[in-house]
Every structure is written in structure tokens, then in C-alpha cells.
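Several structures are given next for inspection.
Note that chain A is present in both complexes that follow, paired respectively with chain B and with chain C.
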Partner chain A sequence: MPAWLDDFLWTYQNLINTLGVNGLLALSMYVVLAVGQLSLGQAAFMGLGAYSSALMTMKLHLPFFVVLPASCVVPVLFALAIGVPTLRLSGVYLAIATIGLGEVLRTVYLNVDLVGGALGLNGIPERAEAWMIYGLLVVAIAALWLIGRSHVGRAMEAMRQDPVAASVMGVDVQRYQLGALLASAVLAGIAGCLSAHQSSFIGPNEYGFEPAVTILSFALLGGIGTPVASVVGAFILTLLPELLRGFSDLRLVFNGLIIVAAVLFLPRGLVALRMRRRAA
Partner chain B sequence: MLAQQLVNGVLLGATYALFALGFTLMFGVLRVINLTYGFYFSAGAFLALFLTRNLGFGVWAALPLAAIGAGVLAVVIDAALLTRLRRTKAPELSSLMVTLGGVLALYAGMTAWLGPDIRRLPPGLISADAIEFAGVRVTAAQGLILGATALLVAGLVALMRFTRLGLALRAMAEKPDAAGLMGIDTGRAAALVSFISGCLAGAGGVLIGLNFNAIHPFMGEAMMLRGFVVIILGGLGDIRGALVAGLALGVIETLTAGFVASNLKEAVAFALLVAVLWTRPQGLFGRAAIRRA
Partner chain C sequence: MSLLQTEGLTRRYAGLVAVDAVTLAVPQGGVHAVIGPNGAGKTTFFNMLSGLVPPSEGTMRFAGQDITRGKAHRRAALGMARTFQNIRVFTEMTVLENVLTGLHAGMACGLAGVVLRLSGFRRAERAAVVASRAALDAVGLADHADALSGSLSYGDQRRLEIARAMVAKPRLLLLDEPAAGMNPAETESLAGLVRRIADGGTTVLLVEHDMGFVMGLSDSVSVLNFGRLIYSGTPAQARSEPAVVEAYLGARLAEKLRARHG
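Up next is the complex of A and B:
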């Protein structure tokens, strides 16, 4: 490896890892939006993955190759508890039930000594490498791409356009929606585990309302036509504040306005590609 | 001790009910989960702070003025964010997302402008006296909460039930298109609903600010969690349900804080929300009362 590249990677290691993690989070948002639902629990699921995996590493001393897949267990359980009752109902229920989750978990983290209270957890071993993050990101994109091209993807797109029509055509809408929510919890949990094991510190305030909305802005900026588009959105919105350091106060204002603008004027996102499929 | 807890719980619940009423009214008539709603709560509290601290108003003038200010803000923001989506009959999740982005921008802008610190109303704004009756203390601020909530709720119910305007709003809640065809100016009615809801949220912000004397930009966000629990518990769009559920949530939170642990009250509220979704998603009273009223 040439020296300048080595230098570059070392200097920007943190940013490079964050980019990959945010890409995974954008995918976890994409999966839910792709079936026409809105979950605002991505940050909360990420936090659950981060905290549960950090505890597994620090208290149970489990090796990382066990911790990483196990980090999605707790988020999936929460997704089941919230998703099963709400997905029987209209879409607003899932959104309402998940939007509060992050803030509630914040107050729980703050008050439970096992997870360090307000101080958070410090000294988590740095076991997540960039190649793992990007490897998983590529695997996730490829998997979602293949699913999107298959008949499942066609069913997903149909229920996004019109869930009633899709169910009349024999698509089991609720099962797909629950599956999407669980997949989203898995991706967010793993992203949480990776980010906890690369920054060595996690705190209760990192998984509340603001990150939840920021993750939504990733997917809406990129667009939800293809999985790659939402990852592009995440990369843009992660790099932009780095370039505009002087305006850090206004970063969240900007993220919020992106959501407004994307829904009102750019419903298909910046990368308005459509999945290609063979005719049925 | 228990009696005092119950009274405190009911008074806290009265503000929850007041706050949730505007939220459920917006959903009932406009069919939008408007997440900017919590911002009007913060805005009402900050307006009251400005009016009392900088302009020297008393609480009797500051409360209605701040509520009206929050109402006007609600009309402007609603028009900016939702007019276009209403016209194109966009799916309900689109309008939810727009208000979500909008509220993040509003909170972050407010924090960048005013700072995240907790501010306090001027001392002596409301008398610190308390009435004591059979060992139960009720402070002047709590009395004001009860009085203002009762007045606003009675006014809203009377408006919805006994006036032509209320009839028009109920018609809109039932069938917006048909209401438009019957000569109801739906655009104006939407603005009016935003105004009423904004006033209720703003008044709630002032009252909570008075009661706990802590005002900061994100206070509306913490309140929104209660709003969600109350409208799910009471049934989306159900005015009577919101009242009962608000009072119930206040009592449950106060009892949790008093007898279990004060920092678990959010978790208890949320567990309640999930439990209701599992067992009775239509809300405690079933269908929305705003339609039957």
C-alpha cells in the first residue's frame, strides 16, 4: 500500500467507518420504506444493538464473531413487540409507536447502572475493522438488490403503491411488512454493534429523536428506488457536515429541510433509478 | 400521601389531556399525524417567557397571548408544509414525514437561535401560595392549570357540538370531499383547526412551564411522547378518549414516580402504549367520538 494511502486511511479512519455504518442504517430505513411503511425506530434499534453487543463483549467476554450476529437479537425482539400489533393497523401506528421508542430507551439507559447510566459505556474493545463494515455493507446491498429483482421485490413495490390492490392479487402484505421491519432491525442492530466496537464509547444520547430523523433523511435524499440510492444519500449527508464545519449548529435544520423538500418536490430521491426486472 | 399523589396526578393529567386534545383534533379533522404539534408547545412556553420577562406582562395576559401566538404559528407552518400534499391527496405517511422533517428543522433552528439551556419564568409571576384541604396541597399554578384546562375543554366541546362551525368540522372529519361539495370552505376550516390546535398546545406549554418552571426548546418533544400515548389510548381522533386517557396517564405517571421510580415514568407510559396496541388498538372507547359527537 502506498504511504499516502496509508496516511489517508489512518487520518480519516473514523470518518470512513462512520460512512459505512451510516450506509447500513440507510439500508435499514430503505427496507421499511420499500414496503410502504414508516418506522422511526432505526436509531433505537441501533442503540439496542450497540448496548447489547457492548455488554456481551465486556461482561460476557464473548468473541466478536459471536457478538456481531448476536447483536441483532434484542432489536429483533423489540421490532416484534411493536411490529406485530401495529402492522395489522394503518401505517401511522407503526410510525407513532416507533418514534417514541428511542426517547424512552434513552431514559432507560440513563437510569440503569448496568449500562453505565449518563456516562455510557467506555473502553469497548475496538474490534470492528473497516473491511468488516464495508464487507457487510456490500453483502447487504447485494442481498437487497437480488431480493428487489425477484418476485418478492415486485410484491414489495406493489404494496408500496397500493397495499389493498396488492393483497387482492394474493400478496401477503402483513407478512412482507413484518419481514421488512425485522430485516431493518437486524441491519440497524448490526450497524450499532459495529459502531460501538469501532468508537470504543457509547452514550445514552446517541440514539434518540435526532439520529432517528437523520437516518430517514439519508434514505429520502437518496431515494428508495434501489438500495444503492439510499446508501448514496447516507454518504452525502455524512460527508456534507464534514465539509461545512462552520455550520454545525444548522446541520439538523438542514437534515430536516431535506426531508421536507424530498417529500414535496423529489419523491423519488436524487438517484431516481428503478429496479430492472424481466417482464413477468 | 396517596391522596396528594392522586391530586397531583390528575392535575398533571389535565395538561396532558389539554395537549393531546389539539393533537387528536388535528388528526380527527385533517387526517394528518402532525408531528410539528409538539413545537407549538415549546413555542407557547417561549412566547410566555418573552412576554413576561421582556415586556413585563402578567400571567393573565401572557397565557392567552402566548396561546394565540402559537396558534398563528401553527396556521403558517401547516400552510407551508401541508397545503400541497392536501391538494394532491398524498398518502398519510407522506404528510407525516413532511411534518417530521419540519419539526426537526424547527427545533434545531430554535436551539441554534436561543440555545439549549433551561430558562425560568420571572419569580413571583404566580403566587407561591397553596390551598390546603384535608392534607392535600394545591398550588396556585395547579389551580390555574385546572381552571384553564376546564375552560378550554368546555369551549372546544361546545364549539364542536353546538355551533355551525363545529358541524362543518365534523362533516370534514367524516368526508372531506363531500363537505367541500356542500359549500364548506375546507381550506379555511383546515386553517381554523390548525389555529385551535396550536392554541391548545401553546396554552399547555405555558401551563407546564408555570408548573415545573423549566423551559427549553425540546420540551415539546418530551411532551409528544405523552401525546402519542394519550391519543392511542383514547383512540385516534377521539376527543372524549383523549380527555380520559390524559387524566389516566397523569395519574399513572405520578403513581409510578411516587411508588416505583421517578425515572421510569416514560418507560411505563411507553409500555402502556404498546400494551394498548396489542390489546385494544381502536382505543379505550372504540371509534372516534369526534364523529359521533
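Up next is the complex of A and C:
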């Protein structure tokens, strides 16, 4: 590796890792929006992945190659517990239930000693490497892109546009909605694990409402026409505050403005590409 | 034995009975019409048949199976397809992609096969595209395969819906007012299309207000009025059936009164 690249990576290591993690979070949002659902639970799923994986590493001393895949188990269980009852009802219920989940979990983290209470967990071994983060990001993008160009992707797009017509075409809409929620919990959980194992510290306030809105704005800014679009949104929204320092205080305001602007002026996002929905 | 059989099929909404104890048998083969004045319950009847609205009472059998409690998405695999009175094409998909969704029930390949692009998946996708192009050809939309569906004219969107419903070669096709909004030339070519569909072995059950279309095409006619089935028989006899004439005259009279008195 040339010296300048080494220097560059060293200086910006944290930012580079954060970009990749946020890309995974954007994908976890994309999966839900792509079937026409709205979840504000991505940050909560991420927190469950972060806390459960940190405990597996620190208390159970499990190796990272076990911890990483296992980090999606707890988020998936919570997604099942929330998705099964709410997806029978109209779409709003999932959004509300997932907001609630984030707030409930924050209170739990604050009050449970095992997870460090208000102090959070410190000294998590830094085991997440950039190659793992970007490897998983590339695999996730490729898998979602391949799925998008198949009968599964057509079913997702059909139910996003018109769930009634999709069900008449034979799409089991509820099953797809639950599947998408579980996939999004897996992606967010793994992102949580990776972020916990690269920053060495996690706290109860990192997975509340504000990050949930930020993750939503990744996908709204980039668009959900293709999986890459949402990742582009995540990259822009992660880099902007770095470029405009001092501006980070206004982050939530900025994210709110982006959501409003995206809905009003860019309903298809910045990357308003339409995916070809067939493989042949 | 009949392909479709309803027994006392009823749907109530707060304060009204949209479909009232309808017992109807649709035989295998041919074109069958359900007619009736506005608000008679025709669409509600179709919605129950296709599993979108659960019946309040009664039962339905289709192709030898009880489908009373079955979900909408199961109907496709059983061989039932439909179009909608207010067109429901996926406007942000291409014409070809729309038709491909009509084959969803038959696409068996799992996620692993999709992601790994296994040969079974690729074969199924290729076959689906071939079948979809043929279905578009049959409705005269082959040249528009790659257009966005939302950009099609109204009449073409109706044809697209028919292609999407027909691509899986269903046993029963439900058409809810297929000629609505079409000009006489389009209506005539639609009649030819429906005839060809029936000749191809798919039973057609259609709702339509255009009486010329219904009378010239249908092997049997059933008349709904205020949710009740008041006639079921040949189209010729329907014209001379007092209850039918009365229902239509009543509806027309009511319309005239509304027009005159606001």
C-alpha cells in the first residue's frame, strides 16, 4: 500500500468506517420502503445489534466471526414481535410501534446495569475492519440488486405501488412485508455490531429517535429506485456535516428539512433511477 | 359441474346490504355477464369472489374447492384472475414488467436461486418474458412493451390489465366494466378479444353497462338489483323479464328525477 494511502486511511479511518456502516443502515431502510412500509425502528434494531454483540464479545468472549452473524438474532426477534401483530393492520401501525420500540429500549439501556446504564459500554474491542464493513456493504447491495431484478423484486415494487392489485397477482403481501422487516433488522443489527466494534463505546442515547430520523433521511434523499440510491443518500448525509463543521448542531433540523424537501420536490430522491425489473 | 358456485353470498356494510344472498353458478366455458344499475353490488360481488372483501355470509366454491375464507393471493394459483373497474396497472413499471407480475404465483424459485442466478431461475425468467410478450401480442400492445405503463392511453391500460390477468392462462377471468371509457371502435375490438379469450378455454365473467356489448357477447346474463339476484338466464329472455325491465326503468327514472330536481 502506498504511504499516502496508508496515511489517508489512518487519518480518516473513523469516517470511512462510519460511511460504510451508514450505507448498511440506508439499505436496511431501503428494504422496508421498497415494499411500501414505513419503519422508524432502524436505529432501535441497530442498537439491539450493537448491545447484544458487545455483550457477546465482552462477557462471553466469543470470537468476532461468531459475534458478527449472531448480532442479527436479537434484532430479528424484536422485528418478529413487532411485525407479526402490526402488519395485519394498516401501515401507520408499524411506524408508530417502531418509534415506541426505540424509546422503550432507550429506557431499558439506561436502567439495566448489565449494559452499563447511562454510562453505556466502554472498551469494546475494536474488531470491525474497513474491509469487513465494505465487503458486507457490497454483498448487500449486490444481493438486493439481484433480488430487485427478479419476480421477488417485481412483487416488492408491485405492492409498493398498489398492494391490492399485487395481492390479486398472487403476491402474499403480508409475508413480503414481514420478510422485508426481518431483512432490515438483519442489516441494521449487523451495522450496529460493526459500529460498536469500531468505536469502542456505545451509549443508550445513540439509538433513539434522532438517529432513526437520520436513517430515514438517507433513503429519502438518495431515493429508493435502486438500493445504491439510498447508499448515496447515506454517504452525502454523513459527509456533509464533516465538510461543514459547526453545522453538526443543526443536524436534526437539517435532516428534517431534507425529509420535507425530498417529499415535496424530489419524491424519487436524488438518484431518481428506475430499476429494470427482470433478469431476462 | 360448474366452475364457480356461490351459495347465499352476502356482504353487509353499515346500514346497507351491498350483496344480498346471491346464489349463482357459472359453468365452465363461455362468456357470462353480471349486469345491474349503479350501486347494485356488482363490484362488491367480484371483490368477494377475488378474496378482497370477506363475505358476511354464504359460501363460494371455485374449481371444486371452498374458497370462502381464502386470501386474495391464493386465487391466482387456483386459476382466477381479474381486472378492475378503476384501472389498477402498476403505472411506474413498464408494460412488460406489469404483465410479468401476472405470473408471480407460478414463480417457484427461492431467494437463494435468485441471488445466485441458478439455471432454474434464469430459465423461469426467460419463459416468463416469452409468455408475457405473447400475452401483450394477444391484446395488441407488443409494440409498447418497454413503455412506462402510466404513459399508456386509458384504453391501452385496460388492455394491459387484461394481458396481465391472462398471462397465467387462468380458468376464470373476471372483467369489471372492461369497456368503460372506450369509444365504439375500441369496444368492438374488445368484444373480439373477449371472444378469443373464451374460445381459448378461459371462462369469462364480466360486469358491463354497455348493453350492446353484453347482449352480443354473453352466453348467460345475471341481473343484480339492490344486491339481489333478480334474473339469471339467456340474454334474449332478460329483455322480456318484467323484473329486469322494472329495475332498469326504475333506475333510469330515478336518474331523470335526480337530473330534473337536482
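We adopt the following convention: the second predicted complex is superposed on the first by the 276 of 280 C-alpha atoms of A that agree within 3 Å, B and C clash if a C-alpha of one lies under 4 Å from a C-alpha of the other, contacts with A are read in each partner's own complex, and residues count from 1 in each chain.
In this section, contacts are C-beta pairs under 8 Å (C-beta built on N, C-alpha and C of every residue); 3 or more make two chains touch, one makes a residue touch a chain.
Everything numeric here is computed off the predicted structure, so don't read it as measured data.
Colleague: Which of the two partners, first being chain B and second being chain C, lies in contact with A:217: first, second, both, or neither?
Modeller: Touch status of A:217: first partner only.
Colleague: Return the chain, chain B or chain C, that is in touch with more residues of chain A.
Modeller: For chain A, the partner with the higher number of touched residues is B.
Colleague: Is A:258 touching anything from chain B or chain C once the two structures are fitted on A? First, second, both or neither.
Modeller: first
Colleague: Output check: A:38 vs chain B and chain C. Expected answer is one of first, second, both, neither. What do you get?
Modeller: first
Colleague: Looking at A:121, would you say it contacts chain B, chain C, both, or neither? Reply first, second, both or neither.
Modeller: neither
Colleague: Kindly classify A:249 by the partners it touches after superposition: chain B alone (first), chain C alone (second), both, or neither?
Modeller: first
Colleague: Report for A:29: first if it touches chain B alone, second if chain C alone, otherwise both or neither.
Modeller: So A:29 meets neither chain B nor chain C here.
Colleague: According to the stated criteria, A:137 is in contact with first (chain B), second (chain C), both, or neither; which is it?
Modeller: neither
Colleague: If we overlay the two complexes on their shared chain A, which of chain B and chain C does A:157 touch? Say first, second, both or neither.
Modeller: Only chain C is touched by A:157; chain B is not.
Colleague: Touching A:111, do we find chain B (first), chain C (second), both, or neither?
Modeller: first
Colleague: What residues on chain C touch chain A, complex-wise?
Modeller: Contact set of chain C toward chain A: 50-52, 71-77, 81-82, 84, 88-94, 96-97, 100-105, 107, 109, 111, 114-115, 117, 121-122, 124-126, 128-129, 164.
Colleague: Residue numbers of chain A touching chain B in their complex, please.
Modeller: 36-38, 40, 81-82, 84-86, 88-93, 95-97, 99-101, 103-104, 107-108, 110-111, 209-210, 213, 216-217, 220, 249-260, 262-264, 267
Colleague: Which chain B residues qualify as touching chain A in the complex?
Modeller: Those in contact with chain A are residues 33, 35, 81, 84-85, 91-94, 96-98, 100-109, 111-112, 221-222, 224-225, 228-229, 232, 236, 261, 263-264, 266-267, 269-270, 273-274, 277-278, 281.
Colleague: Which of the residues in chain A end up touching chain C in this complex?
Modeller: On the chain A side, the touching residues are 143, 146-147, 150-152, 154-155, 157-158, 161-162, 164-173, 274, 277-280.
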